[in-house]
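What follows is a single structure, written as structure tokens, with notes after it.
Lettered A, B, C, D and E in written order, each chain numbered from 1.
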Amino acid sequence: MVDFPILTYTIFIPLIGAAVVMFLPKERLNAVRWTSLFFSFVPMLLTFWITWDYFFNFSGTADFYYTEGPVSWIAPINVYYHLGVDGISVPMLFLTGLLSFLSILSSFNIVNRVKEYFVFFLLLEAGMLGVFCALDFFLFYVFWEVMLVPMYFLIGVWGGPRKEYAAIKFFLYTLFGSIFMLVAILILYFGSEPSTLSIPELINSAPTFLTHGMQLLCFAFFFVGFAIKVPVWPFHTWLPDAHVEAPTAVSVILAGVLLKMGTYGMLRISWPMFPDAVKFFSIPIAILGLIAIIYGALVSMAQKDLKKLVAYSSVSHMGYCMLALGAFTSVTAITGCMFQMISHGLITGALFLLVGVLYDRAHTREIAAFGGIGAKLPVYTGLMVLFSMASLGLPGMSGFVSEFMVFVGSFTSGIVWFKLITALAVLGVVLTAGYMLRMVQRVFLGEFNTAKWGGLTEINAREVITVAPLAVLTIAIGFFPAPLSNMMKATIENLVQLIAR
Amino acid sequence: MLETAYLIPVYPLFAFTVIIFFTRWNEKLSSAISIGAILIGLVHSVGVLLALISRHGLPYEVSVPFIQHPKILLEVGMWIDPLTAVMLVVVAIVSSCVQVYSLGYMHGDPRWSRYFSYLSLFTFSMLGLVISNNFFMIFMFWELVGLTSYLLIGFWFEKKTASDAGKKAFITNRIGDFGFIIGIILLFAYAGTANYQEVFAKVSAGAISPGMLTAIGILLFCGAVGKSAQFPLHVWLPDAMEGPTPVSALIHAATMVAAGVYMVARGMTVFAGSAEASTVIAVIGLITSFMAATIALTQVDIKRVLAYSTCSQLGYMIMALGLYGVDYAHHHHSVGYYAGTFHLMTHAFFKALLFLGAGSVIHAVHTNDIFEMGGLRKKMNITSITFLIACLSISGIPPFSGFFSKDEIVVASSTHPFFFVGTLLIAFMTAFYMFRLYFLTFEGSPRNQHKYDHAHESPTSMTLPLIVLGFLSIFAGWTGLPFEWFGLTGFSHFVYHGELAEHHPSYLLMAISVVVGGSGILFSYLIYKRKAWSSEAIKAKVLPIQKFLFNKWYIDELYEATIIQPTLTLARKLWWFDASVIDGMVNFAGWFTVKWADAKELFDKYIIDGAVNGIGHVCMAGSFFLRFIQTGKVQFYALVIIVTSVAVVLYKVTPQGAIIYLVLALIVGGVGLLSRLARPERAETD
Amino acid sequence: MMENFGTSLGLFWEFIKANPIFCLLAFITILSALYVVTLRNIFHCAIFLVLALFGVAGIYILLGAEFLAAVQVLIYVGAVSILMIFAIMLTAHLASKRISQNNEQTGIAIFASAGFLMVSLGSFAYSIWRVQTTELPENNTLEIGKLLMTDFVLPFEVVSIVLLAAMIGAIVLARREKS
Amino acid sequence: MMMAYLALAAILFAIGIFGVLTRRNAIGILMSLELMFNAVNINLVTFNKFIAPEGLTGQIFAIFVVVVAAAEAVVGLAIVLLLYRNWKGVDIDNINIMKW
Amino acid sequence: MPNYNLSLIIPEVFLFLWALFIFSYDLGTKRKNADSIGYLSMLGLGITAILLAYYHGGITFKNMFTSDSLALFFKIIFLGAAFMAIGSSFGLASQKIKNHRGEYYGLILISTVGTMFLASANELISLYIALELVTIPLFVLAAYYKDDKASVESGLKYMIVGAFSSAILLYGISILYGLTGTTDITLMKLHLSIVFLSYGKIGPALLIAMMMVIAGIGFKLALAPFHMWAPDVYQGAPTPITAYLSVGSKAAGVIAFARIMAGGLFAFADDVMKPLDWGMIVAIMAAAAMIIGNITALMQSNIKRMLAYSSIAQIGYLMIGMLTVTEIGMASVAFYMFIYLFANMGAFAVATIYSDKTGSDNISGYASLSKSSPLLAAAMAIFLLSLAGIPPLAGFAAKYMVFAAGVQAGYTWLVILGLLTAVVSLYYYANVIKVMYFTPHAEVGEKLHPPVAAGIVLAVGVAGIIFFGVFPNSILKFAFGTAKVFGFF
């Protein structure tokens, strides 16, 4: 519909960037850095433009826009190159574009194998952007998997002490999840008549040709795939390792974007495509979410490592998404889920960046090792406290809006059990406050150990620049959520109707 | 005026932003901006009050959508009725006084600018809380004031106690808000909106079942319990005294802690809808009030005494409101509502005054312990006089403002004998410990000469607010006079709930309350001024009780033992669970494989160093064993080929036969292998 | 049962009387084959192999494949067996060894081959064979020649390549390197 | 009658299998293989006579088999020589450097 | 003398003559020339490919030579395999086999000729002989390091098991001949159906025949449980030969299997083989192959042995497509084989280059490869990831096709098993990558300079994997075309 294929450009410019960087001389570090920054900057602008344009022109309706194709890609098996975005993918695109840019900016302090690092990073970005645009299952799956390899390398080469373990664990876990997805895709493909891999078509037709049992099966298969990405409670053990071992920027991407793909996939595929299954499983899902909320909060309360704490906090926060997803009848809940995805992306991303900043200076993340940093680094402390508050859902920041909507939505979803589950879930808010404040107090407040940390330097301009946009967005969404919600409104209403089928 | 009332919170917000981002480095300018902003706000709010009076308290509301959805409409807006207007003025006045006072008190503090920015932020949040027109919005500002209180309590965060106190305050409040938010969500669920008026309309229309209404009422009240430091969540308030004294005066005496009371008054229709909820409120209020008063009797830290007295007074108001609710539910009108709100106002003034006075004292003698003070009257005239005014006021001695409001509370409780007794008892205790405080601090002979010598009257910037507040502590109450003067109706005709009800002062009750208060003063005079009875002796007599009270009924210890530790332990347990069990479940299989002694280094090499998870271990183990099928004997390979082929063919004919065949094959083969192993190695063939 | 066995024995005897030559050849072949796989002295094995191959050649004649019998004698007896014996000579000095020439798999090997035998004979017995009554063409050697040059010319050529490859390979492997 | 031939072939084949599975001498294995090929040939010729007498496919196939078997025997013996050079013996049991 | 269309066999004949030319050239030039002879062989393969492009399509020698699209497709694979095997042989040709280069290359070419005949053989006699023509040179080549015990042992094992299974195959074929009176596969089908229609059954003999054919060809496929020779032989043989074994001769087995089972007998599977039709037999074998192959590969420290087990597993995946005997199934088989050619040959090429330089095949030795020779490491990583089936590399498309076929035919359990084992496989593939990239290494080994030809091989491999991963369309259409041979419409 738009005359020039903006999505394709958005996805493939990082790819081109990767190619370009590949041919730069290894020694010209700055050339490499700035080139890759540029090649992540352009897609960011494009995503911004898409968001802007979508918001002002297309928010009203639930269809896909900027669609490209379907262009036949692999004719014999009906694979098409088919892109398009709607109200739930546009914000994700925005988030991805922004976070990728910021992470690359924050990776300027990488010194080891700089070139490969940025090549992999740009590949990763391409994959992520692709996932949020793909409307063809094959394409979706390809992008989904494409991310794994760069991620594997990024963790494995530039990671922390147990990087090899973390890398392979991440790789195998996620692959394990996605294979079930593949089976389900094939079942859908051969179930549909005529056989198709187009997501929109299958959304319309799947409930008609799948038997109830088949729906449950496919749903379960997809769920495993997505749940491991999210990660839903029992599948979460890869996350702490990956987050802790990964270099800062990669943790940001992991928390900010990759985790969202799970929930995005559910919203884009599982929920509308298998309504009966959703109805069947909604309560267990919500309970998983509840467990994740409480469990994640408690576990992060016990953490001694700053980064691990943040990592587990995201287990807890994604739990809210699952709870909301369980409450499939409520537009509010689903909207809250989207809000939660976005705000968690912003907040946790920022937290990881900040933890990285501290780690670069102090070379430790031991919470107990610090204390009273606030006196020495006021600005840094200010930012950290700001995001801790945002993370514990303080009003005026995005976290609060999302959590509130999740609660209201799931409570009013009209499913009896949800009243209880929600009530329990609200407890998570208290616990979150508990561990966040505990962290803040033990790291930033109290006696300052001049002998040990006298050398610490205040956060520098580049680092502030990497965090500032996130802070602005967090607060902006906190005070003016209306634009965002209007953007997603139509799509989500449509979604809920699809589930209600 | 009214149309632009939303600007009142905006001024301090503006001040906050400017200071934080631009003028942080210029201390003078920062404080000037902050104070200027709040003064403008004060003027504006007074204007609003007058405007409202001129339109005889006709409420004014505007609102704009915040999030709009078919199922949910969240809006931001303002609702200005007499209660709001009064609160605005009170907050503005106290805030401006405190800020001026801080000029002197915080002199030379390294984080000066940030201090004032925080104060502005707080003022913004508090004004926003007051002005907001729906539960959602009040909750947002509710949390914001919580945050600022956290920041200000922990302002001197180098002090462990301070940062601890901040954390404690925040988390305790969170626990209260846990109920509060559920209550709000319930309101959403059943009333479909958060807007006060619409909710009230629904409630009065009986759209919500009584049981649910009770639940909602109690849950909402949880919030008030947290904010207004009511039992059982009162524990944070005394610790909050770690913050700078002006902060205590502003936040933990006059305004923020009053927010709970304000909320109860604001949502009175909801609470009054259910007698049970109202009863709960009233009882909680009474308990808190009584408990706090008893504790205050024994404290030696000047600020803690005041803190507990705050708790107690807040309990008073809550109780009054609760009682009003009870009566309302039983369809007969009482003065509780008016009493509560009225006391809210007067208390704001004299409690702020008390704290500021205490601050001035501390500023002079650099200690909080009243047993190290004494005889300060000669050194600090203004302070002592204003302090005395405040004490008289809180003790309910006419014509001081406290008398009017307190008297109304007595009136309100008079219809409920149990509460009536409690009220009087508390009134007595209040008078007693306040004057205990006064005498020990200002009268008698100095108990710590050294400190006494260095003591001096505070600078004007600190005394000026004292004087202002002193005046207010005297005259603010007079608005409660039950008759018109200068054509203005009294407070009771301005701030009321439901339909306006006439009521006539009962002079008997007045007399009783005055007598009770007076006797309290008398006793403390005899003990601490005249030394007619030695306080030590009395203490010795009731030592266990004294200990019990002095340790604040051991409630902190109780919580530590029953809630905090268990939670942390559970957290650690779960962490262990996560690290060992969930991962371990997957890693389990690997465990026994590692037991293979001879293969140990093999495993170290290939597994420990790279195993992914349990499936990994299982596979590795499988790998380890499967390799041995690969004997390297070519004839064995041929054997496998033929045996499997035959087995498959047999399977077609007789499946059982195939099984038997395979089993026998294994046996025979095994026997052959064993016999071979048994046989000694034969001579090499060359 | 007993007479049952008797009758079957009787049938067997009938069969032997009916075609003694086949039975003789079969007997020789099988016996010598057994010797091939069991004897300890590998040299004797080779000798018995020759005998077995002769037996098979006889069978071919019975089956009316004279040319094949000739080929059998020429290639196997004449070439392969001699080759074997050469090899045995080359790897000579263990020819005299009197140690077991069978490995530990003997038991299961018997089991496996017996199973194979059982299965295959059983399945032959229960399958459909469309046995034709027509006889083979008289002196089919000529026919074979024709066919090899016409219908089967392609495999004929290919098999020559096989032989070439085998020859080259054998030379390459067997040749001693002068290093 | 055909069955008798088939039986003979099967027996011969089985014996061959047995030999391949058990002989410790590489040359012994080769011999056993020859036995197996001969068994196959008997099969082919038998079928040719009884099933498809109009053509001579079976016999010709048998001829090819003989040739191929000879070729395999040649290569096999060459490899056996290599064995002998490298191991100073042709005992299969000792020849398992590569396993697991 | 009936007039056969001889033009169809021109490519084969040419390649054979070229092999003879290689022999004589090597002799004529006193075995001095290390590389030229290799390049000549590659050239010959190239010319053959070109000839193939002109001379194909048709049947001659009474079905003994069917030059259909299937044959064409696989001939391309065979030529490619030989090309890459020879291309990666230069290192050892210049070092280890000074005296017999000509024979080495020539025998590879002859084996290739055999594979090409095999691809066209639609008749059992020619099929069998072509099969032998493929195998016998490989016996020799496997044992080509005459004074290296490992090599000789692998040759011996290959020879014994090979001969044994060819005997078994022959026995099966002879029974088929007995049941039908013909060796022409299409006629055989016809006769079997006649028997079936007239007698209502065929009898267990067909079962034995099928089983023995499966066993005999399963040996070439290294399909479990007939795979056990593979690891030993692969480990001992010269690495390029291992590569050729793992691709060329496997592909030969695949097409033979397709011709006999899918082309000839699958129609009768149900009636003779209930409750266990041969599809199920093969399914079980495929499952076994995937499990054994992948699991056992986990603990291998020798890269060739690891790749051997992985190739066993790969055949397991391929058989999923084969046993469905549907259009998409047979297409996926062809496609899978084609992609597998690039990935596996490439991986072995890297292994060859490494072992030529260091003389070792230990995975642990690959540490620091990413530093010393990054391109080589990157290529290896790509090959391995493709084998693991990670998109967008071609391996994924191939696996996708195979699994799609499986799901369509209702073998979902097998597909899930396959995917799970694929995850397992990722572990050992990634392990190599881990060693190359992650493992901190004390000293960086000196850069490996692969011979030009090997470089070409790697380039072809990488290019093929990436290109056909992203644009599989053309080749996939071709593959579907080949499936038509089996008469699905």
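Quick note on the criterion: contacts are C-beta pairs under 8 Å (C-beta built on N, C-alpha and C of every residue); 3 or more make two chains touch, one makes a residue touch a chain.
From a predicted model like this one, the values you see are computed outputs, not experimental measurements.
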### Summary
Contact steps required, at the very least, to link chain C with chain D come to 1
### Task
Would you mind checking which chain's mean C-alpha position lies nearest the centre of all protein C-alpha atoms?
A
### Message
I want to compare two interfaces, A-B and A-E. Which one has more contacting C-beta pairs?
### Response
A-B
### Query
In terms of CA centroid distance, which chain is the most far removed from chain C?
B
### Summary
Taking each chain's centre as the mean of its CA atoms, the one lying farthest from the centre of chain E is chain B
### Task
Just give me the whole-number Å value for how far the CA centre of chain A lies from that of chain C.
72
### Approximate Å spacing (C-alpha centroids) for the pair chain D, chain E
25
### Task
Please compute the C-alpha centroid of chain B, do the same for chain C, then give the distance between them in whole Å.
99
### Contacts with two or more other chains, residues of chain C listed in rising order
94, 100, 103, 105-106, 108-109, 112-113, 116, 119-120, 122-124, 129-130, 152, 155, 159, 162, 165-166, 169-170, 173
### Task
Indicate the residues of chain A shared as contacts by at least two other chains.
164, 168, 172
### Message
Counting only residues that touch at least two other chains, what does the list for chain B look like?
### Response
610, 612, 616, 627, 630, 632-636, 638-639, 642, 645, 649, 653, 685-686
### Message
Which pairs of chains touch each other in this structure?
### Response
A-B, A-E, B-C, B-D, B-E, C-D, C-E, D-E
### Message
Can you tell me which positions in chain C touch chain D when the two form their complex?
### Response
15, 19, 22, 26, 29-30, 33-34, 36-37, 42, 45-46, 49, 52-53, 56, 59-60, 63-65, 67-68, 71-72, 75-76, 79-80, 83-84, 86-88, 90-91, 94, 100-103, 105-106, 108-110, 112-114, 116-117, 120-121, 124-125, 129-132, 134-137, 140, 143-144, 147-148, 152, 155, 159, 162-163, 165-167, 169-171, 173-174
### Task
Flag every residue of chain E that touches chain C in the complex, lowest number first.
1-2, 4, 9, 16, 23, 61-62, 64-65, 99-100, 103, 106-107, 110-111, 113-114, 117, 125-126, 129-130, 132-133, 136-137, 139-141, 143-144, 146-147, 155, 178-179, 181, 195, 199, 201-208
### Message
Residue numbers of chain A touching chain B in their complex, please.
### Response
164-165, 168-169, 172-173, 234, 237, 295, 298-299, 301-303, 330-332, 335, 372, 374-375, 389, 394-396, 400-401, 404-405, 407-409, 411-412, 419, 422-423, 426-427, 429-431, 433-434, 437-438, 441, 444-448, 481-482, 485-486, 489, 493
### Query
For chain C, which residues count as touching chain E in their complex?
119-120, 122-124, 126-130, 149-155, 158-159, 161-162, 164-166, 168-170, 172-173, 177
### Task
State the interface residues of chain A toward chain E in the complex, per the touch definition above.
72-77, 138, 141-142, 145-146, 148-149, 152-153, 156-157, 163-164, 167-168, 171-172, 175-176, 179-180, 182-183, 186-187, 189-190
